[in-house]
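Per-chain residue numbering starts at 1, and chain names A, B, C and D are given in the order in which the chains are listed.
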Amino acid sequence: MNKTAKIVVGIVVVVLVIFGLSSMSKKSGTDSETVKIGFMGPLSGDTANIGQNAQAAIAIAVDEINNAGGVLGKNVEVIYEDDGCSGATAANAVSKLINTDKVVAILGAACSGATLGAAPIAEAAKVPMLSYCSTNPTVSQAGDYIFRNVPSDFFQANYAANYLMGKGMKNVALLTSKDDWGDGLKKAFTDAFTKAGGVIVSSDSFDPASKDLKAQLTTIKGMNVDAVYFAGYTDPSIAGLKQAHDLGIKAQFFGADAWDDTKIWSELGTLGDGAMFTVVGTNSSADFKAKMKAKLGKDDLIYCSNYAYDGLKILAAAINKADSVSKTAVKDALSKIKYTGGVGSAEVMFDNNGDPTTAAYIIKRALGGKLTEVSQ
Amino acid sequence: MITWQIILYILYAGVLYSLLVIGFGFILRSVKFFNVAYGGAFLVGGYMMFLFYRVLVISFIPAIFLSLFISGLYLFLSHKFIFSFLINRKANNFVLLIASFGFLTATSSVLGMIFGSQATIIARRLSDIHSLNIFGGTLNIVEALAIIIIFTLICIFAFIYFKTHFGRVIRAVEDDSEVAELVGIPKGKIFSQLFFIGGALAGLGGIIQGLNVGIVPASGLLFMLPVIVISVLGGIRSFWGGIIGAFILAIAQKLTVVFFGGSWEQAVPFVILIIVLLVRPEGILKK
Amino acid sequence: MEYIFHITILISIYGILALAQNLVMGSAGLLTIAGAAFYGIGAYTAAILATAFGFNIFTTLIIAPIVAGLIALGIGISFARFRDDYFLLATLGFLMIFNTVVRNWENVTGGSFGIAGIPKPHIFSLTFDTPFSFLVLALIVLFIVIGICYFISRSSFGRVLNAIREDEDALKIFGYKTSTYKLMVFVIGAMLSSLGGVLLASYITFIDANLFTVNESILLWAMIILGGIAKNRGALLGALLLITIPEALRFFGFPNEIAGLMRQCIYGLLLVFLMLYRPKGILGQYKL
Amino acid sequence: MKNILETKELIKSFGGVHAVDHLSVNIQEGQITGLVGPNGSGKTTLINLLSGFSLHDGGSVFFGGAERKKITPWENQIYNITRTFQQIKLFDQMSVLDNILVIITERNPFLALFERHSKYHISQAEDILKQVDLFEKRFHNAGELSYGQKKLLEIGRVLAMDTKIILFDEPFAGLFPEIIKKIENIIKALKQEGKTIVLVEHNMNIIRNLCDHLIVMDAGKLLAEGHPEKVLTERVVLEAYLGE
C-alpha cells in the first residue's frame, strides 16, 4: 500500500465521516408545520414482530388523526426509531428523538428494559413518554413524565394467581425467562400465589436465547404439579410447549401476555391445546382489525398494537387539550385526560404514577391452533 | 424415571455436539486455527433446509442432501476466497480467527435479513415430530433419528479417518501440512475437501437443531463457543477426544440445569474451559 | 445539535476502550477478548456504588479502576502461562462467565433487570446532566487516557511491550521478565477500560448484561485493526469511524429492522476485508 | 584458568531420544571454544540449555563454580551470559535502532515506565550500530534488512548486552566473505576484552583461525576435546564427519 493508496483511503474516510455528521445536522432543521411525535419499539432482534406489528397500527392511527384535521391545525408526523429491546439502544434513540427531531412527546417503548433505559433521559428533558406495552412493575416509579396505558405485571400476575386458585390448582411450578419481563412476573406471581394460599413447588428459569428447556421440563415432570406458570416470549414458548408435549406433561400450562402472538399457536397446532394465558383485554373494533389485516397482509394482531394505536390517539387528544406544543402542558393534560372508545381498554385514565387506573384482563385458551376467550 | 429421561437428553445433546466437533476437528487439526465460520455453515444448513423443505416444499430427503451440499459449498468457498489466501500468506492464527469471526457475523446478519431474526421452524407442522416412548423415557422422532444417524456417522468417519487411504492423507496433513506437501500431497486440495466435509457436517447439525427446536441467526455463535471448548477439552489433536469432550459437556450442562437452574447453563462450557486450561491444557487424549 | 454531542460522547467512550484494547493487544500482542468484561466491571462498579451507596460518580472514577485492576491482576496471574490462542480462549471464558454472573446475581447487579437511575456526575455545585456538559467531562477523561497511553508507548516500557509482541522468547534471553510486563499492561488496560464503563453508566443511567457481550469486544477488535494496530491515533480513528459511519446509516432511511443487521454485516465484512487486504489498518504500520 | 562455565552429566531428551546425553564439558574463561559436530549432534540444544531457552532434564550446569538449578532466561543478565540464534530471532517490526535500544534500557518494569529516550542511550546504541555497519539502516525495520545485515544486527545485540560469556550459534552461516571477515574481527576484539566465547560453526578454516579450544559432539555425546589442530586429525572425529 504505497503513499497514494494511503491518501485515497484517507479521502474516502474523511468524506464518509463528513457525510455521517452532516446528514445528522441536516435532519434537525425544525420545520414547524407538523407536530412531531417519536415512536420507539423493537424493530430488530427476537422481539421484532411486536415492534413491526405496532408500527402498522400507528400508521393507521396517524392517517386517521390527520384525515380528521390533525392536531392544533397541523398534521401529526411520527418518527420511528428502533430500540432493539435494550436499554442502551433505547437511550441512544430517545436522545436522538428529543434533541435532533425535537419531538413533542414519545410513544414507546414496548420492552420494559427499553422503557427503563429511555425514561431517565426523557424525564430529565421533561418530554412526556407513553409506553404502549411495558408491563414491568418498576416502570411505575420511572418518573412524572413517564406514562403507560397498559397495566403493570403486578395486576396480570395477581389475576393469574387468583384464577388458578379458583380452579383448585394449588401446586404450581414456575418456569420464567431470565430477563426483566420474566423476573418481574416471577416475583409478582410468587407473592400473589403464596398470599392466596397456593404452593410454589419449584421456581426455575431459562436463558431467553436458548430454546432447549428439556432439562427444566424433565424436573417439573417429576413433581406432578397441577399447573406450570410459563412466562416466555414467542420462540422459547414454542420450543418449551413442544418439549413439554414430547415429555407428556399433563399439567395445565399458564402463560402471560407475550403468548398473545398467533405465530405460537399456528406453529404448535394441536400441540398447544389447553394452554391458557392472561392478556390485557382489548375491544378491537372490526374496522380496526380489517385495517390491520390490510396493512400487515395477515391477521396477525398483537395486543401491544391496540395499545399503541390508542397511545397515539391519547397523545393527540392530550396535545389538543393542552392547546400548545409545550411539553409540560402536554404532560399535565395527559395526567388529567379521560380517553374513551379506544381499541385497547374501553376507558383510559392515569393515576399519579402514570399507570392506567383500570386493568381489564381476559384469559385466552388455545385449541387446534386457534385462540378462544375463556369466560371467568 | 427422571434420571432416565435426563440420560436420554444427555445422549442427544452429546451426540449433536459430537457431530459438530468431528467436522470442526477436521478443520482445526489441518489449518490449525479455530475456524468460527464453521458456525456459519451450521446456520446455512438449517436455513437452506427451511427454504427447500418448508418454503419450496421439496420432499424431505432430497431437501436434506441439497442443504448439506450448500452448507458444504459455503465453507468450501470461504476457504477458496478468504482463508486460502491468508494461509498461503502464512498469516498467524489470530488473523485467521478474526477473518472467520467477521465472516460468521456477516453470514448471520445476512441470514437474519432474509429469514428474519425470529426462530425459523423447519417442520411443516410441529405435530409431525411425534414423540416415541423409549423404556419409559420419551424422545421425539428427530432426536431418536439423530442419535442413530450420528452414531453411524461417527463410526463411518472413524473408519475413514483411521483405516482408509484418504484418512492417512488427512492425518498426514494434520501432522504437518508442509511435510505432507513435500511428499506430494496437494495441501490446498485436501484443505478445501476438509472444509467441504466440515461444512456439510455443520449443516447437518443445523438441520437437526432446526427441525427439533428452530434456528435463529444468533445460534451460529451460540453453538460455536461450546464446540471450541469441547475441542480444547477433548484434546485438539485427537479424533476420539472430541467425542468424549462432547459427552462430558453435555452431561455437565444438563446436570447444571437440573441442580442449579436454567440460567447458569450458558456459563457451563466456560467454567469447564477455564478448569481444563488451568489443569490440562493439552486436553484429555493428547496424541 | 445535541445529537452530535451525543455521538461525540459515544466516540470518546469507545475511544477510551479502543486505546486500552490497543495498549494490551496492539502494542503488547496479548490476544484478549475480555475488553467488554472490564468495560462492564467499570460500569457495574459505578452503578452499584452510585445507586446503592450514594457515591458520587467522580469517586467511582477512581474506585472502578482499582476494582477492575484487582480483578485483572487475579485473572492475569492465573492465565499467565497461556500464549496466543489459549490466552484468547481463557479471556473468552472469563467474559462469558462475567456476563452470566452479572445476569444472575440479582441482589447485587440487579440480574436481568439491570440497574436503572444511575445519577449524573456532580462536583460541588456543578452537575453534568446536559449533553454538552457531559461531553466536556467525557473529553477530559479521554484526554487523560490519551496522555497515559502516549506516556506508556513513549517510555522504554512501551518499547519492551512491542518487543514482547515481536518475539517474547528472544526478549527473555536478554534479561526481561516478560510475564511481569504482560501482567502490568493487562492490569493497566483493564483499569483504563473501566473508565469507559463508568462514563457509559452515568451517561445512559441504565445498564444491563446485554451491553457487555462478545460482540462488544469484537467491535473493539475491529476498531483497533481498522485504525491501525499499536498506534494510539489508529485506535482513536477506528473508534471515530465505527461510531459515525453506522450512525449515518440510521439516517440513510434503511427500514429500521434492517439497519441493525446491516450494521452488523458491515462490521463482519470489514473484518474480513481488513484481514485480507489491509492487516495494518489505515494508519498503522504493524501487523499482528 | 578457572572454568567459568561447566556442565556435568547434562541430559536433554525429546520423547526418549537423548539430544544431549550425559555431556560433561567445561569452558575456559577468556578463550574462544569451538563447538562442532555433524547436524543433529545436539550443538544448538546445548546452547539452548546453557541460555535457559529450554530446560535440561538431568545433570547440572555451573556458572563460575555456582550451580544454576533452574536456568531462567531472564536471569542470564545476572549470570553474565547471552547468545545469538541460529534461525534469526529479531524484533522484525521494530526499527534497527529500537532493536538495540531495547537491550540497553531499564529491565525493571516500574522503572522502565518512567524512563525516557535519553540522548546517552541513543548515542550508545548508535556506536554499536557503527561497529556492525548498520548505522545508516537505523530507522529501517529489522525485518526489511538483508540476511547478512540481520546476522550483524544479532551480533550488535550481543555487543550491547556486554556480558562476560557470549554463545554464538552459527553466526557465519550463509554469509559473504567480507561480512565473515568483519564478524571474525569483532569476535577477536571481544576476546581481547577478556570475554569468553563459545562458537558453534561448521567452517573448519574459521575454527582453525579463531578457536583456542575445540569440543566435538556427536549424537549428544562428547566425542573429542582439545586443541583444534590435534582434535581435527583424530581418526574418530574424521569418521564421525565423513561417516563409515
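Assume a contact is a pair of C-beta atoms (placed from the backbone, for glycine too) under 8 Å apart; a residue touches a chain by one contact, two chains touch by 3 or more.
Here the structure is a predicted model, which means the values were calculated and not measured.
Chemist: Give the fewest steps needed to get from subunit A to subunit B, where each step moves from one chain to a chain it touches.
Modeler: So the least number of steps between the two chains is 1.
Chemist: Any chains in contact with both subunit A and subunit C?
Modeler: Output, common partners of subunit A and subunit C: B.
Chemist: Looking at C-D and B-C, which one has the bigger number of contacting C-beta pairs?
Modeler: Between the two chain pairs, B-C has more contacting C-beta pairs.
Chemist: Quick check for you: compute each chain's CA centroid and the global CA centroid, then name the chain with the smallest gap between them.
Modeler: Checking distances from each chain centre to the full centroid gives C.
Chemist: Measuring centre to centre with C-alpha atoms, which chain is farthest from subunit D?
Modeler: With centres defined by C-alpha atoms, farthest from subunit D sits A.
Chemist: In whole angstrom, how far does the Cα centroid of subunit C sit from the Cα centroid of subunit D?
Modeler: 43
Chemist: When the C-alpha atoms of subunit A and subunit D are each averaged to a single point, how far apart are the two points in Å?
Modeler: Those two chain centres are 72 Å apart.
Chemist: Averaging over Cα atoms per chain, report the distance between subunit B and subunit D in Å.
Modeler: Comparing mean C-alpha positions, subunit D is 49 Å from subunit B.
Chemist: As a quick test, compute the distance in whole Å between the mean CA positions of subunit B and subunit C.
Modeler: 31
Chemist: What are the residue numbers in subunit D that touch two or more other chains?
Modeler: Residues of subunit D never touch two or more of the other chains.
Chemist: Enumerate the residues of subunit C that touch no fewer than two other chains.
Modeler: 103-104, 257-258, 261, 287
Chemist: What parts of subunit B, by residue number, touch at least two of the other chains?
Modeler: 117, 263, 266
Chemist: Please classify the inter-chain touch graph. Allowed labels: line, ring, star, complete, other.
Modeler: Graph shape here is other: it fits none of the named patterns.
Chemist: Using the touch rule from the top of the page, what pairs of chains touch, sorted by label?
Modeler: A-B, A-C, B-C, C-D
Chemist: Would you mind writing out the residues of subunit C in touch with subunit B in their complex?
Modeler: The touching residues are 31, 78-79, 82, 84-86, 88-90, 92-94, 96-97, 99-101, 103-104, 214-215, 218, 221-222, 225, 257-258, 261-262, 264-265, 267-272, 275-276, 279, 287-288.
Chemist: Show which residues of subunit A lie in contact with subunit C when the two form their complex.
Modeler: Residues 1, 6, 9-10, 13, 16-17, 19-21, 23-25, 27-28, 43-45, 48, 51-52, 80-82, 84, 86-88, 91-92, 95-96, 98-100, 113, 116-117, 119-121, 124, 138, 142, 178-180, 182-184.
Chemist: Given the complex with subunit D, which residues does subunit C contribute to the contact?
Modeler: Within the complex, subunit C touches subunit D at residues 152, 154-157, 159-160, 162-163, 165-167, 169-178, 180-181, 184, 285-287.
Chemist: Going by the contact rule at the top, pick out the subunit A residues touching subunit B in the complex.
Modeler: 44-46, 48-49, 178, 204-207, 209-216, 218-219, 221-222, 234-235, 238-239, 242, 245-248, 263, 267-271
Chemist: Using the touch definition from the top, list the residues of subunit D that touch subunit C in their complex.
Modeler: Interface residues on the subunit D side: 51-53, 73-78, 82-83, 85, 89-94, 98, 101-103, 105-107, 109, 112-117, 157, 161.
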